[in-house]
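Sharing a structure, written as structure tokens. Questions coming.
Letters are used for the chains, namely A, B, C and D, taken in the order the chains are written, and counting of residues starts over at 1 for each.
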Amino acid sequence: MATMDELYQSVIIEHDRSPRNFRRLEAPTHQADGRNPLCGDEVHLELRVDEEGRIAEVGFQGRGCAVSKASASMMTTALGGRTLPEALELADRFQALLTGKREADASLGKLKVFQGLAAYPMRVKCATMPWHALREALRIEL
Amino acid sequence: MATMDELYQSVIIEHDRSPRNFRRLEAPTHQADGRNPLCGDEVHLELRVDEEGRIAEVGFQGRGCAVSKASASMMTTALGGRTLPEALELADRFQALLTGKREADASLGKLKVFQGLAAYPMRVKCATMPWHALREALRIEL
Amino acid sequence: MLRTTSRGKPIVYLDTAASAQKPQAVLDAMTRFYETSNANIHRGVYQASEQATLAYDGARETLASFLGGVAPEEIVFVRGTTEAINLVAQSFLRPTLRPDDWVLVTEMEHHANIVPWQLAGARTVPVPVTDGGELDLDAARRLLSEGPRLLAVVHASNTLGTINPIAELAAMARNAGVPVLVDGAQAVGHLAVDLTTLGADFYCFSGHKLFGPTGVGVLWGRRELLEAMPPWQGGGDMIDHVSFERTTFAPVPHKFEAGTPDIAGVIGLDAAVHWLGAQDRTAIAAHEETLWRAGRELLDAVGGVVRLAVPDRNVGILTFTVDGAHPHDVASLLDQDGICVRAGHHCTQPLHRRLGLPATVRASIAPYTALADLEALAAGLRRVRQVFA
Amino acid sequence: MLRTTSRGKPIVYLDTAASAQKPQAVLDAMTRFYETSNANIHRGVYQASEQATLAYDGARETLASFLGGVAPEEIVFVRGTTEAINLVAQSFLRPTLRPDDWVLVTEMEHHANIVPWQLAGARTVPVPVTDGGELDLDAARRLLSEGPRLLAVVHASNTLGTINPIAELAAMARNAGVPVLVDGAQAVGHLAVDLTTLGADFYCFSGHKLFGPTGVGVLWGRRELLEAMPPWQGGGDMIDHVSFERTTFAPVPHKFEAGTPDIAGVIGLDAAVHWLGAQDRTAIAAHEETLWRAGRELLDAVGGVVRLAVPDRNVGILTFTVDGAHPHDVASLLDQDGICVRAGHHCTQPLHRRLGLPATVRASIAPYTALADLEALAAGLRRVRQVFA
């Protein structure tokens, strides 16, 4: 099991510094705001779903801890090309991984590094917050 | 120190059975109701103060435990002939006796049998309830 | 506590209906919390706070399954039954109260299930109690049809021990479109309560009567209702976003748990419910019923002891008066023998008025009660009779 | 708890501002209560109930003298600061609230001293906080003259540690005819509070921050005010006479203590206050101040640690950010070393907005804090800087 330090050093710090898709979209089709009221962190998430119903673009903005930022950053890269049901399924799998209800498997791809966080329940919320925003966004078509 | 049983047997039971002045007055000058909300006991107290400002007559009615009834009964006999300030002073002395703030002395007369109750703080209220009604009554001139 | 003495005599504790004694496991759980993971919850990322948070949230799950498997988010931790009812009165009833609205209560309610509705601005109208100590169900049906805003009813009476037919009442109320709050303070310690089938909309009880600590209790409410209710108390942990202009609130149950809760109390209650879960509850119920019947006979044999008329479905309460002796005097003299019973109106003044009695004496039976306790009570009452003879 | 380990390291507890650790005497007092006199209060005439009642009422006297010798009847036991403020909001403010009424708060208030006023229907208007972390007293004076219904102000800020000049503010408020509620949650553990001279009308705090148990706190109010206020919660013990038509209430403080209170919690708080009374509080204050100054230097020496600007009169709080690292990440990495600090908005979102920071890291100093704890914090922060380097 990775310690918190290793987790930070392996991937979190890197995404915190250079978050992927940290931007607003030109023509989003879905959007939502995520918030962790206990720490005041916020994420604004935008998606563009194409005619075929696949996620074409994802962008996020906001401020938060390295864990939530890295999670949001990796989420944006993991979602590309998925259908909405597939995206929601991935969100469920991610949630299950972090709450210790499921082991990591190949379907999670790079996201499985977050497994180490399951030992720190108070931080799990930081990692799942962008995914909650995703669920919300998929309900709010623009 | 008298036990509760002795206290009952020495005086309380006797007054409970044959309370003195358990009646309404013809022409009361003062009256008040006392209540112990925790047990639902009630006393209705009436006094007649004569022209010289002395307590001429006291009567009580109501329902309550033997302790409150005996206390009311003995109070009515102890008050006769006293001025209002004297009556209030007696009330204070009685209260002090029952809360252990003062030893029994001759000025309390027969009332001093209640000293044994000081060891039973939950019952002290039963004995002081008629005296509280007295304080109230002396404020409410009819 | 049950190993101690009272007034120099071994204690005979017959006042569980007022507050139950606690299993060692409950005291240990609280001490362990203070000694190993005392920290505030929901806010710290360090281990002690995390453990406290997990234990606190875990208790919600324990209680949810104890109550038949309801959703943990429907469990709100409060101080006790009283606070639970006040919460519903202020947050469910008051915001939508119109003049002349009334709440249907019963003649056997505890003050805690009368006064909060009055303070919220509603009239209270009672379902009568029969001479046999039961609710008059025909009257209940009729009154339900007259448009009360709520039926607020006790599951088991703390004065009579009567177990009310809640499922039946709830079905009547449902037909009449009236929501139902059930005061389970005296019931949860004796009956298995399944809120998924009972038909109530709100249910509440106190930890200290369920072998848990003082300072903690539970309000359960249907999620739709809880979600539609505005928060009652404001403060930390119940907010989403605070500004001087506009504040938004957290989802249930947090919306109703403002400020630091009684964390240790909740952990103690969790331990109490685990303890109870490990007991054979059917055997306990049988034991209590046997003792209750034996107690009735013992009291009747004393002579001059008048038991209240109560139905046979009972949570093990023996309520009586003694000819010629006021209940307070009876309890005081019993206390001389180390016997702990309750005397007074038991916070049911309206029921006592209905019974025509200012006060009564109550002995209540618990899992740890023994036949010897009831024998001691009977012997004590014989002595009381002698003093007053 | 301070002898335990966290994440395998000896614990370094720097989160007393969230909840204090408890002296053994507090745990012992509560266990002793449950083991020897566990019973409900104010209702039983038997010895255990009598002892519980005496202990409970005795705690009221302890607290009254702890607060400078106020009247015991002015002490109302509640769950904590949050409930105390909600009680005043609902029972003092709401019944006489007119549209457009507003409460003067400050930019440094805890949510517990903002949201209850809003829920009671009042607007909240803040006294600004200066760049130095103090209240702007000129603004306060001006705002007080504009007719707020109440001034609700924190005695010591839980985020900045600032000790506010309450006597001065209360004098201004008195001139303007505005009553004053003081949130003493962070103050009572550090300062001697004398309510006979402070000038406040209401004062409140939580037991769990005063080395006492969770689930208990105190509202003090001037007797005239408490007497004039309607009850807030209804139930047992707060009534005089109950009927379905009309209910009358007990005198203060009972009017405000509906239902079974947290008896064990009150007894634990009594023990905590006795424990504190037996300490040399001047020496503790000096110890805390020395550590606070040492802590500031240790933090400044780390490099990249930015402390918030705060005044020198402080209850021993060190609040800071770390360049390039979010407070939550800082706290998580410190937790790896067994160091317990708080990260977040500390329930002061408006203050954080004023500071332009979403969150901060807070370390707080207590009597049991040692220099080694602060050295461990500084060393931990150096490691955090390395991880983020």
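As a working rule, contacts are C-beta pairs under 8 Å (C-beta built on N, C-alpha and C of every residue); 3 or more make two chains touch, one makes a residue touch a chain.
Nothing here was measured: the structure is a model prediction, and the numbers come from that model.
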item: Most distant chain from subunit D by Cα centroid; value: B
item: Length of the line joining the C-alpha centres of subunit A and subunit B, rounded to whole Å; value: 77
item: CA centroid of subunit B to CA centroid of subunit C, Å; value: 37
item: Centre-of-Cα separation between subunit D and subunit C, whole angstrom; value: 30
item: Junction residues of subunit A - those touching two or more other chains; value: 38, 120, 123
item: Sequence positions of subunit D contacting 2 or more other chains; value: 43-45, 49, 239, 241, 328, 332, 335, 343-344, 349
item: Chain-level touch network, classified as line, ring, star, complete or other; value: other
item: Interface residues, subunit C side, partner subunit B - complex; value: 325-329, 332-333, 335-336, 343-345, 349, 352, 358-359, 387-388
item: Complex contacts: residues of subunit B adjacent to subunit D; value: 35, 37-38, 120-123
item: Subunit D partner contacts - residues on subunit C that touch it in the complex; value: 1, 4, 6-7, 11, 13, 15, 18-19, 21-22, 26-27, 30-31, 34-40, 43-49, 79-83, 85-86, 89-90, 105, 110-112, 114-119, 123-126, 206, 208, 213-216, 230-239, 241-244, 247, 258-265, 328, 331-332, 334-335, 338-344, 346-347, 349-350, 353
item: Contacting residues of subunit B [partner subunit C, same complex]; value: 3-5, 8-9, 12-13, 38-42, 63-67, 69, 120, 123, 126
item: Residues of subunit C touching subunit A in the complex; value: 42-45, 49-50, 53-54, 239-241, 250
